[in-house]
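This report concerns only the one structure given below.
Chain nomenclature is as follows: A, B, C and D, assigned in order of appearance, with residue numbering initiated at 1 for each chain independently.
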Amino acid sequence: MSAIASLISAALVIMIYSILYRENPLFRVGEGILVGATVGHAVVQAIFNVRDLAIIKVQQGLATGDISKILYVIPILLGIGLYLQFSKKYRYVSKISIAFMLSVGIALSMRGLLYNNVIGQIKGAIMPLNTIEGIAYTIGLISVLLYFVYEEKTSRIAGPLPNLGRYVLMITMGAYFANSIMGRLSIVIGTMDGVLVTPSIYLVPVAALVIVADVLTRRKQAE
Amino acid sequence: MSNVSKQISSIVLVVVSLVILVDFFWANPTLKSLATDLNNWAVVIGAFALGLGAYSLLTRHSKRILQKKESWIFSVLLLATMFLFIATGLITGSVTSDEYNFIYALMVQPLSSALYGMNAFFIASASYRAFKAKNVESGLLLVAAIFLMLKNAPIGEAIHPILPQIGSIFWDFAGATGMRAILIGIGIGTLAIGLRIIIGQEKTPLGGAE
Amino acid sequence: MLETLNLASKGKYVPKIREHPGVKAIQEALGRATEMGRPVCYSPGTQSLYSTKYAGDTAAALTILGYTAQEAVKTGADLIVGISQPTVLPVAEEVVRQAYKLESREDEYVEGETVRFYSPNQWGFATSYVGMMHREKAAANFLFGGHAAEAMVIAENGATVGAMQIAGSTNVYQLPFFLVSCEYTLIGEDEYAAAAYLSTDPSQKGIVFGQDLAKLITIGLIVLGSVLATFGNSAISSLLSM
Amino acid sequence: MSDFIETLSKNYKQVIYIGLFLVLTIPRVYPLGLPIPLSDTTMGVYNQIEALEPGDVVVIGSSISASIYAEVYPQYIAVMRHVLGQEGVKVILVDHIPEAPIFTERAIEEANAYSYKAYGEELVHLGYIAGDEAAISGLCRDLHDLLQVDYHGTSISEISMLDDINSAEDFTIVLDFTASADSQYWLNQAYATYGTKIALGLTAVKVTDAYAYYTAGQIFGIVESTKGAAQYEILIDQPGLAAQGMDAQSLAHLFFIGLILVGNILYFVKGGKNQ
């Protein structure tokens, strides 16, 4: 990438980081560019998706007489149906399209989670109770599960276990919080590597000066 | 009229989800290809949905520009960038062309990694603000976090080799207890909400709370 | 397990469900916002309606959105909903419009402003949402549904502008961040239970009880399996591997 | 003075942000050389590669995308440099997600791979193979049956090094760099079926699941996040971005712990009142 391009990239990074100081016009420049770019990107991808996933398939289907490919006309129609929500009279058509997407999503996540989260995790939880870990893990797990029991009578019968579950949950949250830090630091270090090279590095003192000037003028105004 | 549509919607819900669910329990090549097709269909409809979003964004920002609302200039910038990407993508015919890669690497990559990396700064401010041992719960949260940090950073082992070991004990415990229970809970919860949607008890996501 | 859920949902027994403090806090946050004369904002996540992992999460977030919107209209708080996924947009618009209609305040719903589409990209969404919170000086911020790494960027900026924040998610990697940055966090299944709790239909509470039963069965399986495993019997494990 | 402290506590966030910025930048300018102890998991990978002999075949899989680039790419290139340095060893590069080939090509260029190994004779890039577990299973069963061309569009039958490489039985070791499910696929398809030795390069989050396989002896090593990458760079005596970044990592972790402690001390000094 040329020097000018890397300078622009670095400037955009600094603009976004300026939100750490306060909301300001430079942040809004970064915001506008990022939103515009990502929506534009999504639009392009959507157009190509419709072309590659649907229109080409329908064309192939018509050419070869493959019915399963011709049926790709249906999602195209359902997709167009989404736009009928602007018409009060035909809004119900768009609900069919939404129902379709929702049912695909919910069914896929039901079957995925049933296997991975429920059966897989129960299988993983079964362990011999002849070690300290085995006993501690089992009690800990049961307590947290009891914490997630919402019916009042049942949770009263469980006694102190739901409370213990809450404590175990806190240990979990603390551990998962800390464990993600290294990855996030790697990213900020990587981003800074892009800024802390010539000529981009000269933008840092400029940004610092702008902020100092802003602090001083704001203080004066406050007085 | 809308009654008929409601019926169609419920039929779609039940049939489509049953196909996908049954495909999971019963390995059958026809069913499998049908389930894959249904999934692709959803992606196609989703692609059309993007037009709704783009339209909404376009009207909101062009209104701002036309009414010369405060800071309308940022709306101009937003729409200009959006059209730049659309035009580049459509003219070069792909999102992997050199020109497209150039503007993507120039704008989207630095901005998104800047935001992603900003998390590190927020971890710092949250460490100071939120990790206070006000009670047993927050005390445990804090202790677990500190030992995990000492496990991950090479400095922990340099201070004392036992520190990462304690961290590992916390980590294994957290994974085998709290995380496992959360995952089981989410699995059961998703099954429940899925059933509610499919049998038509949960109407809100279809936008029909009447 | 499926059978239990189904039976309980049709059951006549209406169990008493423990209320999560986060649910009550939604009203508190709305009241506070009205007092301060500042708006509240809501994000139903950055995952699509047909996401294979977070579809349930998104659906629950939309149910809670319906409740929040209605309560917001009741208390007179200004509501701004930020949308990331285009597939969620029409649904969220409809849900919020309905809520305004139910309180006969349709005139207060502003097309394109009450529910705003930002960007399907998580970071494009995050900058807009964060910028909006700063500019509108949000008094409360509700984050439900599937959020990814943008979770903490949004939540910490919310804390900076002094918003009271209530979050819920089933993304286990983001929950710790919500927990430290927000006043109330609905962890995993809490969110689903809240969605059921908030619905007016009493039979919905039955299904929460069904979920409870499923968890008790799970505990039973784990205990039984572990005891058997201690004596070298792996009957339960092999049963589950079928 | 008290005025100063008041401004400070009011703007504590900005003070913390400046602090973190300094903690991250100072070690870049003045490297501190904080110790980086070597882990067994990293040594496992290193020793196995050191023990390779001419004629051995190394398969390197990748699921590197922009989102895990910062954590996994430094490991990928460090290990690749090490493998390239082993004389007579054949290297097969393969990608498991559509975004990965760009990073694979970038690594080939950065590691100057062609000066170590001639393309097609000792090094080949197969590119992205669609089909998740089925793709890896096909690769393990019969590479020639699965693929027609490599990443550059050259016909597989024209690539001489692949002549006597047919199935996973001919792979000496497999190294997979990922945060996705393909590590599991390799375990299922190559290790479980053919007994091929496997090692992984992973993000910090992903390591947990894999550690159990390591202790059970099913994988011979793990390179863990940027920490593992830094260790590897030191092992092969080519300190790169990861090793340089470790100072900042260590300092930043200490900074966070310090903030937690300071926050708590202030909290208890003020008598645990609400601030």
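FYI, contacts are C-beta pairs under 8 Å (C-beta built on N, C-alpha and C of every residue); 3 or more make two chains touch, one makes a residue touch a chain.
Quick caveat, the model's predicted, so the values are computed rather than measured.
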Checklist entry - What chain pair shows the greatest number of contacts? => result A-B
Checklist entry - Compared with subunit A, which chain's mean CA position is the farthest off? => result D
Checklist outcome for this item: Cα centroid separation, subunit A vs subunit B, in Å, comes to 3
Checklist entry - So what's the Cα centroid distance for subunit A and subunit D, whole Å? => result 23
Item to check | For subunit B paired with subunit C, centre-to-centre distance based on mean C-alpha positions, whole Å | outcome: 13
Item to check | Separation of subunit C from subunit D, taking each centre as the mean of its C-alpha atoms, in whole Å | outcome: 35
Item to check | Set of subunit C residues in contact with two or more other chains | outcome: 1, 48-50, 56, 58-59, 86-87, 90-91, 93-94, 118, 120-121, 123, 127, 172-173, 175, 177, 179-180, 187-189, 193, 208, 211, 215, 218
Checklist entry - What are the residue numbers in subunit A that touch two or more other chains? => result 16, 19-20, 28, 30-31, 34-35, 37-39, 41-42, 82, 85, 98, 101-102, 104-106, 108-110, 113, 118, 122, 125, 141, 145, 148, 169, 173-174, 176-177, 179-182, 185, 187-190, 192
Checklist entry - Among the residues of subunit D, which ones contact at least 2 other chains? => result 13, 17, 24, 70, 204-205, 225, 227, 249, 252-253, 256
Item to check | Contacting residues of subunit C [partner subunit A, same complex] | outcome: 1, 15-18, 48-56, 58-59, 86-87, 90-91, 93-94, 118-121, 123-124, 127-128, 130-131, 134-135, 157, 172-173, 175-177, 179-180, 187-190, 193, 208-209, 211-212, 215-216, 218-219, 221-223, 225-227, 229-230, 236-237, 240-241
Next on the checklist: Quick check: in the complex, which residue numbers of subunit A touch subunit D?
Outcome noted: 20-21, 179-183, 185-190, 192-193, 196
Checklist entry - Which of the residues in subunit A come into contact with subunit C in the complex? => result 16, 19, 22-23, 27-28, 30-31, 34-35, 37-39, 41-42, 82, 85, 94, 98, 101-102, 104-106, 108-110, 112-113, 118-119, 122-123, 125-130, 134, 138, 141-142, 145-146, 148-155, 169, 173-174, 176-177, 180
Next on the checklist: With touch defined as at the start, can you tell me which subunit B residues reach subunit A in the complex?
Outcome noted: 1-2, 4-6, 8-10, 12-14, 16-21, 24, 33, 37-54, 57, 71, 74-75, 77-86, 89-90, 94-95, 102-121, 123, 136-138, 140-149, 152-153, 170-188, 190-191, 193-194, 197-198, 205-208
Checklist outcome for this item: Listed in rising order, subunit D residues that touch subunit B in their complex are 12-13, 16-17, 19-20, 24, 34-37, 66-67, 70, 204, 208, 225, 227, 230, 246, 249-257, 259-260, 262-264, 267, 272
